[in-house]
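Below is one structure. I have some questions about it.
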Amino acid sequence: MTKKICLITGVGPGTGTALVRRFAAEYEVAMLARSNERLAQLAQELPSAHAYPCDVTNTPQLMHVVEQIRQDLGAPAVVVHNAVRGAFGSFLEIEPEVLEENFRINTMSLLHLARATAPAMIKAGEGALVITGNTSAYRGMAYFAGFAPTKAAQRVLGEAMARELGPKGVHVAYVAIDAVIDLEWTRKRYADKPDDFFCQPADIAEECFRLAHQPRSAWTYASVIRPFGENWTLNA
Amino acid sequence: MTKKICLITGVGPGTGTALVRRFAAEYEVAMLARSNERLAQLAQELPSAHAYPCDVTNTPQLMHVVEQIRQDLGAPAVVVHNAVRGAFGSFLEIEPEVLEENFRINTMSLLHLARATAPAMIKAGEGALVITGNTSAYRGMAYFAGFAPTKAAQRVLGEAMARELGPKGVHVAYVAIDAVIDLEWTRKRYADKPDDFFCQPADIAEECFRLAHQPRSAWTYASVIRPFGENWTLNA
Amino acid sequence: MTKKICLITGVGPGTGTALVRRFAAEYEVAMLARSNERLAQLAQELPSAHAYPCDVTNTPQLMHVVEQIRQDLGAPAVVVHNAVRGAFGSFLEIEPEVLEENFRINTMSLLHLARATAPAMIKAGEGALVITGNTSAYRGMAYFAGFAPTKAAQRVLGEAMARELGPKGVHVAYVAIDAVIDLEWTRKRYADKPDDFFCQPADIAEECFRLAHQPRSAWTYASVIRPFGENWTLNA
Amino acid sequence: MTKKICLITGVGPGTGTALVRRFAAEYEVAMLARSNERLAQLAQELPSAHAYPCDVTNTPQLMHVVEQIRQDLGAPAVVVHNAVRGAFGSFLEIEPEVLEENFRINTMSLLHLARATAPAMIKAGEGALVITGNTSAYRGMAYFAGFAPTKAAQRVLGEAMARELGPKGVHVAYVAIDAVIDLEWTRKRYADKPDDFFCQPADIAEECFRLAHQPRSAWTYASVIRPFGENWTLNA
């Protein structure tokens, strides 16, 4: 039997790689990231993972890559938008363009990606689009002016698409991580924190995989996850 | 190997029975409901399901039953609070006592149940308490004055317990069903609706089962589920 | 011209007294509280303020007092439900009855009060019911299991009544104070905090007064207020 | 005594003009809009209203106009960001650029405006920035993919700025209108609706004026307003 296709953006060392490993167990996975190095390594390690280096903010390039994936592997049944770029700082001091660039990668590329991949899912009468986010999708903390608006926009864009695609059998879901993800650099920054403090990339990937396969009578749009030991600040 | 124990309240014909079937596959299940008839039938059908007829608003009776379960089967590792009573009508016309009674079954019995079962979970350093709810947990629609406040109270009580129990390894989760559940009486009332309109009890039960087994680095408190084809009114 | 009537529950030393002062400037005010001492003082000081000692959880007494006010002053055009009782502590250690009692004062007495006073407002085609609350109306923090559920229930009860009464010209509004109110005992507990840390009772009273008089084309249900200098934790 | 300065963007025929009228009663008002025609009329009618034709998405032009206002009138004590552009349609059919353009006018111009005007407010230790929005700031309805994300981003940007500016004495507030505003074109589109269906621009303007003058111990960030007779869909 032919495996279904899964497209994943933002294949970095943490959640992105974990997503690839999880989905590669059951899908042919098309991996997108700007740099090819990690993609090439993963492709070598995992026979079902295929490298498609791409800057998702370069729309013609993104459209070209999606078309290439369709020809090479087939139309994606699942798309995971994990590409993200953040920023931190006073709204008075950040470069305003930072907000616009983050909007381009976090929100606009989601719209382009959905436009390129949803029609085949609609035709098939099934499919899933999963988006990874965080608490900035719900609130604007001080010094997050350059980032939080783009995650809120992303969540609400996903919601608008979910309401439109749902009745056509295509599921859109948003995973908000209310925690620090366990990564090399976060371990350094939070060196005093115990293991329990961190959210595991493999668990995030599992949650994305689960949402992509929910039964049709019980779909979730927004899923918020956090470690059991952690301080819990979001009302959700 | 000895099976773990699961306690389920509100074992009615829909979600309650589906919960029993789902958990009985892996747990010894203690079933609570006011009438013994359904419990006896399920107990006969499922060797792992055990009948404990009980009115959860009768606190001494509830305490007695929880103690009996502990002696018969052992301390519950999972508790699912599915018992519920509703009401509909203008706040000017309902009997005010209805609100108080619904609070007793929907909210107070959850508190009593949690007090009786959480200490053993804390001692074990693990366990789960799952609560089933609906959109009334989030908003007060007109003519829901006798019901919605008790579900909102229930959700917020669960949240307070989740924040207290989480760091002790005990997971509390709230499943809100934003849909009409597929039951004999709902099929009659919504006779013109297609199958897709209804949320399946088996899918609700699966979601409760899943939440009771989430990995510790990625717990969810509030999970909202709805059928794919359905009108979607809640902002969550 | 005859002044309109305003009924205020929970006339304690802080917000309650400030509410009386604010509304007494333009209304005949019926003051409710369990103890008569403060009411008598206020009644002596303010000619428009009238003492109606009453335990709002004693429903027959509450009904009697509302009827007495109607005979003495007339039917209230504005009702402010400020009576509240709280609790703090682990859900495992509080007396469970505390939650039920808080529900009675915070939620049930609101229902009884609204049932007794809304019909005259509906008949008049205008009127307002304002409820004072706090962040527990939105979330369940750890150790607030005995209190937060009752404020969430209160907010959602008010919302259900707002949706039912709105089209009849009667406005229901909920003021959530996301701060510590400036009171004798809070000043002692937070002795190290500057003036800016506290929310002023007079400002809360002004907000309630304003909401009671909003133009009909632009009503607010939920209003969250907090001091400018304060740490801001609620997503609202 | 010299009047304080108020800057208003998006001076269209509805809310924008109402804002100008309301603030001109107590402020010198700098009016911004792309077309000069309405501004010139208002400037002639209202001696305190001054025309500054400007495309707020043209950042150098916006910066120039803010500087011009500062020289002509003084630094604004109040800024009202009412400029908005919307879109409607399936995410599959809209031009993707529409979302980016709406982000530029609804969100980016707010950031630029705040960066240009907040420093003087911080120096003064007081000031207000009021943003007008709607229910799209909270949720993504189907067919609102080209618009809702930009309002959600705007609300969250305002929130991030509110948390940063609040402790410096500068108030940021967001007014979400959960209704159809009473305008020439909306009256035509909803010709069958009664007067009560519509939210009055003058009432919206009054709400913005009020928020700009709240006492410091009781600030509101998000204010949702709706007509009394109206169907009420937002959970807020």
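Labels for the chains are A, B, C and D, by order of writing; each one numbers its residues from 1.
One rule holds in what follows: a residue touches a chain if its C-beta (ideal position, glycine included) is under 8 Å from a C-beta of that chain, and two chains touch if they have at least 3 such contacts.
All values derive from a computational prediction rather than experimental measurement.
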**Report entry** Relative orientation of copies chain A and chain C, as a Cα rotation angle in degrees, nearest 5
**Finding:** 180
Query raised in the report: When the contact pairs of B-C are compared by residue number, which of A-C, A-D or C-D has over half in common?
Result: A-D
**Report entry** Centre distance in Å when chain B and chain D are each reduced to the mean of their C-alpha atoms
**Finding:** 45
Requested in this report: Could you grab the centroid distance between chain A and chain B? Build each centroid from C-alpha atoms only and quote it in angstrom.
Outcome: 32
Query raised in the report: In chain A, which residues are in touch with two or more of the other chains?
Result: 139, 162-163, 236
Requested in this report: Sort the chain contact graph into one of these: line, ring, star, complete or other.
Outcome: complete
Report task. Enumerate the contact residues on chain D facing chain C in the complex. Result -> 162-163, 166-167, 169, 171, 177, 179, 182, 196, 198-200, 203-204, 206-207, 210, 214-230, 232, 236
**Report entry** Touching residues (chain side chain C, partner chain A) in the complex
**Finding:** 138-139, 233-236
Report summary line: In their shared complex, chain D is touched by residues of chain A numbered 59, 90-92, 96, 99-100, 103-104, 107-108, 111-112, 114-115, 118-119, 136, 139-145, 148-164
